[in-house]
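Dropping the structure in here first, questions after.
As written, the chain order gives the labels A, B, C and D, with residue 1 at the start of each chain.
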Amino acid sequence: MLNVAIIGATGYTGLELARLLSAHPKVKISALTSESKAGMSYSQCFPAFKNKLDLELEALNPDTIAKKASLVFLCLPHQEAMEAAKDFLARGCRVIDLSADFRLSAAEVYEAWYGPHRCHDLLKEAAYGLPELHREQIKKARLIANPGCYPTSCILGLAPLIKGKWIDLKTIHCDAKSGVSGAGKKADPSILFCEVHEGVKAYKVGQHRHTPEIEQEISRLAGEKVMVSFTPHLIPMDRGILSTLYAQTIRPTDLKILHRLYEDFYKEEPFVRIRPSGEFPDTRDVRFTNYCDIGVHFDDRTGRVVIVSVIDNLTKGASGQAVQNMNLMMGFNETEGLDSTAPLP
Amino acid sequence: MLNVAIIGATGYTGLELARLLSAHPKVKISALTSESKAGMSYSQCFPAFKNKLDLELEALNPDTIAKKASLVFLCLPHQEAMEAAKDFLARGCRVIDLSADFRLSAAEVYEAWYGPHRCHDLLKEAAYGLPELHREQIKKARLIANPGCYPTSCILGLAPLIKGKWIDLKTIHCDAKSGVSGAGKKADPSILFCEVHEGVKAYKVGQHRHTPEIEQEISRLAGEKVMVSFTPHLIPMDRGILSTLYAQTIRPTDLKILHRLYEDFYKEEPFVRIRPSGEFPDTRDVRFTNYCDIGVHFDDRTGRVVIVSVIDNLTKGASGQAVQNMNLMMGFNETEGLDSTAPLP
Amino acid sequence: MLNVAIIGATGYTGLELARLLSAHPKVKISALTSESKAGMSYSQCFPAFKNKLDLELEALNPDTIAKKASLVFLCLPHQEAMEAAKDFLARGCRVIDLSADFRLSAAEVYEAWYGPHRCHDLLKEAAYGLPELHREQIKKARLIANPGCYPTSCILGLAPLIKGKWIDLKTIHCDAKSGVSGAGKKADPSILFCEVHEGVKAYKVGQHRHTPEIEQEISRLAGEKVMVSFTPHLIPMDRGILSTLYAQTIRPTDLKILHRLYEDFYKEEPFVRIRPSGEFPDTRDVRFTNYCDIGVHFDDRTGRVVIVSVIDNLTKGASGQAVQNMNLMMGFNETEGLDSTAPLP
Amino acid sequence: MLNVAIIGATGYTGLELARLLSAHPKVKISALTSESKAGMSYSQCFPAFKNKLDLELEALNPDTIAKKASLVFLCLPHQEAMEAAKDFLARGCRVIDLSADFRLSAAEVYEAWYGPHRCHDLLKEAAYGLPELHREQIKKARLIANPGCYPTSCILGLAPLIKGKWIDLKTIHCDAKSGVSGAGKKADPSILFCEVHEGVKAYKVGQHRHTPEIEQEISRLAGEKVMVSFTPHLIPMDRGILSTLYAQTIRPTDLKILHRLYEDFYKEEPFVRIRPSGEFPDTRDVRFTNYCDIGVHFDDRTGRVVIVSVIDNLTKGASGQAVQNMNLMMGFNETEGLDSTAPLP
């Protein structure tokens, strides 16, 4: 059994890791940290875990934890994660960081969007943990930069078009809709039930910090610098991201060709499912699972392709993908512990 | 007092008209029709209306109703409304049709999207009931084609850019998100609570029948034929449409210029409110009201403008706009009966 | 025009008062206070009010405000309201207090449930603002203790049975279900969207502070001390309270008799509507309105009566009732400004 | 591997069985039936099952299915299930019936609430599938009457009090709140999203068909005929039932005693969890799981006990309990395939 620790176990990504890892056949959760709840058992804090995960929460102490765990998941805020990563790597642990601290390989880009970066060397070492694009690098990595939720859905949705050079790189629009859990569990009046229920809004229009992350990966695929429009919206539901992706094609094509492009691109992927022609996914189809489901449309009136990509923001968009990365790093079956089906309804 | 009738009073647009008109100071509701509920009082069917609107529902008989009402609102399905309109006009009534039957002035376009049109002459006569663009024509009309919900939010959001010739007409994307009431009140399993709650999906991608309506009005404004991408999405809430509108600008500009463009364009309009620079509306801000609230963003990295336009799909997107049209036709104050504030929360 | 002030205008009861009073034909809002938002206009804080209520928020200063307003609504936390009431009464204003500070006429009961009371004399003077039971006293009052939301629905639901001496006073159960806005607008993680959506829970079982308020009024009606079981539940919706009320009858009866009892008891009341026999209200029927709708059931198997009583917790359960009280105090028509119909859906 | 069939696989209980059984380590789903979707694969109908359960749906033919499956789950409407059960038993299959057809052991009670019963002999044979009360009988049964959702939550919540003779049997009140999935997946306008969202209502007050089922089991436990008040309410959420249960105690007691009563009663039960004193469960804690979580309160003012019992109506309230029953019948570990933790949020 692999001993793992969840650093910051009481937020939403920590909770989702706890749910997934406590059922993972090859893993033992040997430490859970929380500054505010240290001393309480996990199931005292979250009665849903009673008889499932009764371990006591402890304060973060890298020395203690590195003795108990050989792999740690960091569910810390941006800016705090980078030094924790350094501490654990120095003590011989592997690290999967769910924050943004190692996602942007160019320090200056990180600093423009997030603030100072104090571990430049690790920036270079970190593998961007999107297995569908970086599987081999992930397998060998000590440090994983687990992708953002919006980037996961947008990059997976756009990759076949970019790789296949089907679209005008100046015409990419990403219109994304997210459930509220993406905002985390913080005492912020703007995400109170009565402030988001029965409403939809766009936020951080043209300014969301996932923009450079999407652009980094799209640019890598394209082999040139690409900019996209990215607009996130808040939807009154707990979980799920649906990204509607638009681009202008640059040579004659049709739906059949583009649909096959997607099927071929992802045919070996265990967690990407392409919908039949004419069908589009609902976020409910992937809820609580590690799937990314994708629908493909070609509008021959305008020559535009429209892609609809859905994930669960806390699973494939965060903790599920982290477990997938762990599986790859440890040589486990990639789908181990990630094989549930979305409940309906 | 103006005597009016609501034809098809038990669906969602009928209910919203009943709510608005029963509180309108210059109107008396003198007839309500329903085939399935004829003989019941309105408040028996809808106890919320007890002591407000207790009138008995009757079957649709143009002769009887034309004697009681000088203006009729048609809340009938597409294809049924056209002949009802003809019947009431022939009996001297004014008609505001909330269906799509008279929205597309070219019969061949209507027929391509909806089916045969049997009242071609009236197609020419009908005024497209978007007061912000067609106020003078509406004032003189006998027959109003009340706009669709999505077109209302998209056209109002795009009009200043089109009129001002600020954008490349080949780059318009309309990504729209609607509450479930837009689907009407029909026994369709796909809109059961448990089929839409906790999920988001795109539907009729590239095929929604509001596309030609948006294109008709945008083309009129542009003075040339324009095509747009239009993707509707279903959101787990009762009411509201948020349209995120994207286009590439064709000459140097900045947010200040574009924001002022919107403020100037709508400065005399009682029902369009432009948000301050940097702010974007929530559908909750216009819920149950006739407002269209608009936020403006310019992305100088890509040269694209991003507009966020919100309405209540049943009010400004249907019945509220119908009342606004009635006010214009009858010479009432345009905001009469439409002056409520969205409740928060 | 009556000049009024809303003290604490940015919470949910303040917002609902702002909505109702800004549309009231006999009222002018002349002051709005907020400590944290002083200096901003109301519509800057709440864009839904743009063009409706653009007045600037100010810090609470009784001297300044008493010059501008002859009646003030207090939307302050318990314990803070009592001294504000005293201050405004001393300056000649009438006061409608939406907190609990003057609801419990026995100081010792208040102190057992809420903390020290520092204005005992005013406790005696205050009228309990439930017009259906205390209309004459309200008309003459300087100070109104506006009832709690749960008590309003429970007391109105039970009053005919108590007055008519139909039930065993030792068998009263009040099982109440409330939307989340009842918890107010505070940065409390337990009312985040993701903490209450898709769940129901009971809270403060046997310990909710509305218990003594229900018991006070029921005891007054009964002429003897009565205790009830009161269990509140949190429901994933914005607004509404549904109270299911149970009691054992003490002499032979039937549904017809009990239904008529309710119809007769409330036949002159503008804001209480009794459903036909066999029908029960939905909170949606009274949403955003000042109605209390009631359904009556008699179970002849067990001899128990079951009453279902619904209100909107922010309207009849708070701000709407406050406006009703103002209308009575000022000699306005009791329903003035409160005549809207619940929107459906 | 045990070969099983789901008869009526496209409704909500069928879907939940498909989810649970497709992940069960000792089971192979060998047949799925649907009259309307026969010929389609399960994952064509429900894309969430792609790569999980791609089996083709077939029409119901007992001969064919009995060859493929040795245990069948019946997810058919009441009145249809009884004959299907007979057919499968005659062909040597074990049967777990999720309808009400065999829940009421007295034919005349069934007939008073549901209609004619055409398999009286099987009524006697069927085991009432609530393992916490009837485990030994279930182990030996050929035919299981899987309990209703409301009865499961109410009976488990009341059993310790009844068995321990702590309460006055004439004072039991069951106030239950259910998510919308309990109404099934049928084209019924009253459960459209826009008809239930943002509202709560009571329904079938005093007339719900789960009443005699609760009374049957409570009476068995009490050893005498007991009647209860049972009021179900519809809550705007997908899943979950919370039952608040009230009764008058008949001898001196306190919270500590009653809390221990519950802990002792259920101490060996894998799927019943008692909350610590002073804590009460949320339906979210058991969502998608087979748990019943219970909170205990004693009100010493009134001498009443208040129990809060939560389940997922589709899991412990239907399909999860059916799997638990299958595990018992087949000698599998009782929790096999039922060990997931509720996702938060």
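Methods note: a contact is a pair of C-beta atoms (placed from the backbone, for glycine too) under 8 Å apart; a residue touches a chain by one contact, two chains touch by 3 or more.
What you see is a predicted model, and the numbers here were worked out from it, not measured in a lab.
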Intersection of contact partners for chain B and chain D: A, C
Farthest-lying chain, centroid of Cα atoms versus that of chain C: A
Pair with more cross-chain C-beta pairs in contact, given A-D and A-C: A-D
Mean-CA-position distance for chain B and chain A (Å): 38
Euclidean distance of C-alpha centroids - chain A vs chain D, Å: 36
Computed distance of Cα centres, chain C from chain A, in Å: 45
Interface hub residues of chain B, defined as touching at least two other chains: 12, 181, 185, 194-195, 197-198, 236-239, 281, 284, 345
Complex interface listing, chain C residues touching chain D: 170-171, 173, 175, 177, 194-195, 197-203, 205-206, 227-229, 231, 233, 235-240, 242, 244, 246, 280-284, 287, 295, 297, 299, 301-302, 304, 306, 308, 310, 345
Chain D - residues contacting chain A, complex: 12, 15-16, 18-19, 22-23, 46-53, 181, 185, 198, 238-239, 273, 275, 279, 281, 284-286, 288-289, 293, 339-345
List of chain B residues in touch with chain D within their complex: 12, 180-181, 185-189, 191-198, 236-238
